[in-house]
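You will see chain A twice below: alongside chain B first, and alongside chain C after that.
Then we have the complex of A and B:
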């Protein structure tokens, strides 16, 4: 149990190296759009389909609150899932049946499948927030906006990777890409 | 504190075998000198212990070397620094094929003394070749032993003299003697050697710091003697064991009543007797299996040597035997002291032997080109690579001859441990109503009861299903799996003083407990 707790702490440290960016972004978006803020400007210029707004005779301020909330909620969900999956792997890695020298490599397949599931979940979350009718503002996100928001999956994947890199059980490191390059005593 | 142990006869040697395994499990004192007494130099039991003693000392020296591999002071693996003479066995009668007649110079005796000898010994006994022991004739053994001089120049007796000198110098010295009460060498050697030691103590006027202990094994095994070709031969007859024991106990009762020879005596018996399948008169074919009561003898010695054992002025006699039930369990094994739990230490050693022999030893055996596939694994990187890395050659030298020697010796020793415990468990209860449930061994070993030289064969390789049975290896509630061992070796803290392969060996040993 001590080893698992140790893994979880290391995982959290790994996650923390990128998660702080996400948390700041979420906090800003939950506060609401600042009319003169750079983030508001970025959203107005890159995320929203302005032609659609013009057709309806709306301007960006009419949907900025909702859009900010959408992106904030999406990031909270992505962050929570990333956290859950990272800590899940770090815990599970201690129970992988690596009982003999050389056996850890076999479990690369497990890690690859687990990671694949995470990527699918991340993309599904992004799809849910941007392509479904759950949020009205999602209708106004254009292709480039969708591409930008989808790319956040890469950010959360990286966060997960750093988390599992540090948090995987020592004996299971050969199952995680490049994790066995870490120093033995780490 | 200086400790000395003397195993007399075949039983004494067999008790020493158990004691050596206990010492490698960490149950022994810090230092111990070990010697054996047997007229039957080629005896299979004695040879086996002699080889094991040599393996223990070599392996310990290799793994407790400050400039090479070092398990470090705190490690319990091979804790006891055991030393022995170049030849660990003392032969009371030197020379080729000695007979009692020659030893006492019968032809030169005065007629009246000759007459006395004729009364005490029949002609067969006088002419019996004693190169294969005293053949269960303590009267022959006693005369032969008393006829030999215990002088300071003899390598065996010089150790006793040194021990007594050390006691005179203020150091605490404990000497322990183990033998059977029946049979020839042990029964004759036990009281005579003890009395000789006491005599030297008196001659040197040592009244304190010197303690003498002993373990007497009452009959605990028998065997069937084949009827053919035995006419006219002198040999140990199991039907005489009880009568011999009765006589010997009466003798000791009187001895202990009038003279305080021993500070502590540990007496062990076993009922029903273990049934040995093979009878051999002596020599290298007399290779009897290790039996559970001998472990009691060994643990008695270790209790005597324990620093927690406060020896008082009274002569104490402890006795132990089989419990009421026919099931022999871990709970029947007594602890050496409050701090040394025999069961925990022995089960740790057995788990270590298993995991080293089949899991980690093979991974470390061979040249670097074979071993390097593990170089990125945490256990290897942390415990082996770093500690066998040569900064001058910029290479990991685990595959080099000097390291491979240690790795192979440890594998051999681990096989000895597994053979010992399997053989003991099987042979103690074979053909009796008893049941011994210390370990589950059938998945890694095969027993051929009739084969004296290799009664137990340890499988060279185990399949995955057999390896998975590791968690049932020890019959306790711990359920320690190989996965737990792998996890433990990846996380156990390395002691600062550990070096070389000592790091890996100690961590693996410590990882075998929960």
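Then we have the complex of A and C:
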């Protein structure tokens, strides 16, 4: 049990190396960014269909609140799922039946499938927020905006990877890509 | 005292509530184009009108008055009744013949127009009125007194020489003036038996020849006046004379206003003009005080709507029609979708100009709504207000096509004659119609046909 708690703490530390960025972004989005700030400008230039909006007689600043809320909600969901999956793997790794040398490598398949599921879920979350009718503001996002927002899946994957790298049970590290290269102190 | 106070409070409450309700108009502020068409043209003068009938007295007309065995003579029957029809149109009718000049016909001589003797002349050819037909003369008379109705009976056999330069302008100038005054020119062509000589058929070497073998040939009744009177004459002729399937006749209307009516003025636009729209969620159809029909509904991005109008509702029958329509369109959007919550400043006007498209086939005019800017390219969660004003922009050329098979050009006349045709065509007929149409088209003004508005919420 102590080992599991130790794994979970290490996982949280691993997640924290990148999660702080996500938390700051979410906070800014929820508060509402500076209308003249760099973030607003980035959204106006890269995320939303500015021309379409302009043709209809609107400015991004008229409609930005809803879109920022959408992005905040999406990131909260992505963060929570990443957290859940990272801690889930870290816990599960302690229950893998590794009773012979080299057997941990077999569990690489399990890790790969688990990671694949995470990636699919991350992409599905992004799709749900940006391409369905759940949020009306999703309509403002154009193709390039969707591509940029989709790439945030990479960020959350990295967060997960660092988390499981540190949090996977020591005897099961061979099942995680490159985890066995970590120094023995971890 | 207390009861009165309560009554006053109730009245004040109702008044305030009514004002609040009245503000709930759910549309942006805009100026609606006013229809340029005046449907009720010159009815007040109706009883005072005179009718002037002009008979072409040229010798080529004589063949219509002689029966041709085996062929139906419509000329004598139609002209006989035309006198009656003319008298029904106006209060008093005046009869004239025209050739080199206009000559009044005495009342006791009118019946002679369907006899060969009317077209004969015993004097010298220079004194006779049957050597040429100056068709521009009745047009000049019509220009001088536009209140009257003018009926001209002729074979319309005009050589190319008569359709150029000064001779042409003698015809087009009065016509322009007539059309400017809101009058129209109806041309009824009737194929009748013919037993006589057709003169002045141009040859390739610049001369002319005659032809005597024709058994059938069209004659024309040209009516200058209000569309209503022209239609009355045409309708009566159709009912009385053109009953048999073999009776061949053609009709065209030369007018600077081929548009029958503005559909908004009499509130002729209904919810059925846009198919299936009444099935949309929260559908409502109503007219504003300015006669603007508004279709209010909820829709999704997949829906497509077409506004359709029958040609017969907008185009004057027999006229040139319209070859080009344009749409003046405006689109507004509001982030607030509930009408009660929308303030005037919540509407934003789009910078879009090409939203819908318009097309016409032989039966109907179709406005494909949001074809160029489909709902899929609009943002969800907005209320939209779309205003479309449909204008007739350019007249068509339907009447030229109508008479095409009865027409022969100068260049082909000799060859046509050498084929010994039984049914002889009219020289330069399409050219004449084209000239008349061009004059009418010059006078044509873009005309507002219909204005409609869509007020919709774009949902999921």
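The definition used in the following text is that the second predicted complex is superposed on the first by the 186 of 186 C-alpha atoms of A that agree within 3 Å, B and C clash if a C-alpha of one lies under 4 Å from a C-alpha of the other, contacts with A are read in each partner's own complex, and residues count from 1 in each chain.
In this text, a residue touches a chain if its C-beta (ideal position, glycine included) is under 8 Å from a C-beta of that chain, and two chains touch if they have at least 3 such contacts.
The shown structure was predicted, so the numbers you read here are calculated from the model rather than taken from an experiment.
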### Query
Putting chain B and chain C onto chain A via the overlay, clash or fit?
fit
### Touched chain A residues, chain B compared with chain C
B
### Query
After lining up the shared chain so the two structures overlap, which partner does A:171 touch, if you call chain B first and chain C second: first, second, both or neither?
first
### Query
Looking at the overlay, does A:97 come into contact with chain B only (first), chain C only (second), both, or neither?
first
### Task
Applying the touch criterion given at the start, work out whether A:3 contacts chain B, chain C, both or neither, answering first, second, both or neither.
first
### Message
Quick check on the superposed pair: does A:62 touch chain B, chain C, both, or neither? Answer first, second, both or neither.
### Response
second
### Query
Quick one: smallest Cα-Cα gap between chain B and chain C in the superposed arrangement, Å?
53
#### Entry: Set intersection of chain A contacts, chain C complex versus chain B complex
none
#### Entry: Touch list for chain C against partner chain A, complex
331-333, 335, 348-352, 377-382, 460
### Interface residues, chain B side, partner chain A - complex
359-360, 363, 373-374, 376-383, 385-386, 467-468, 470, 481-483, 485-487, 489-491
### Query
Which chain A residues qualify as touching chain C in the complex?
52-58, 62-63, 133, 136-137, 139-140
## Note on the structure
Per the touch rule, the chain A residues reaching chain B in their complex are 2-3, 6, 94-102, 104, 169-171, 173-174, 180-181, 183-185
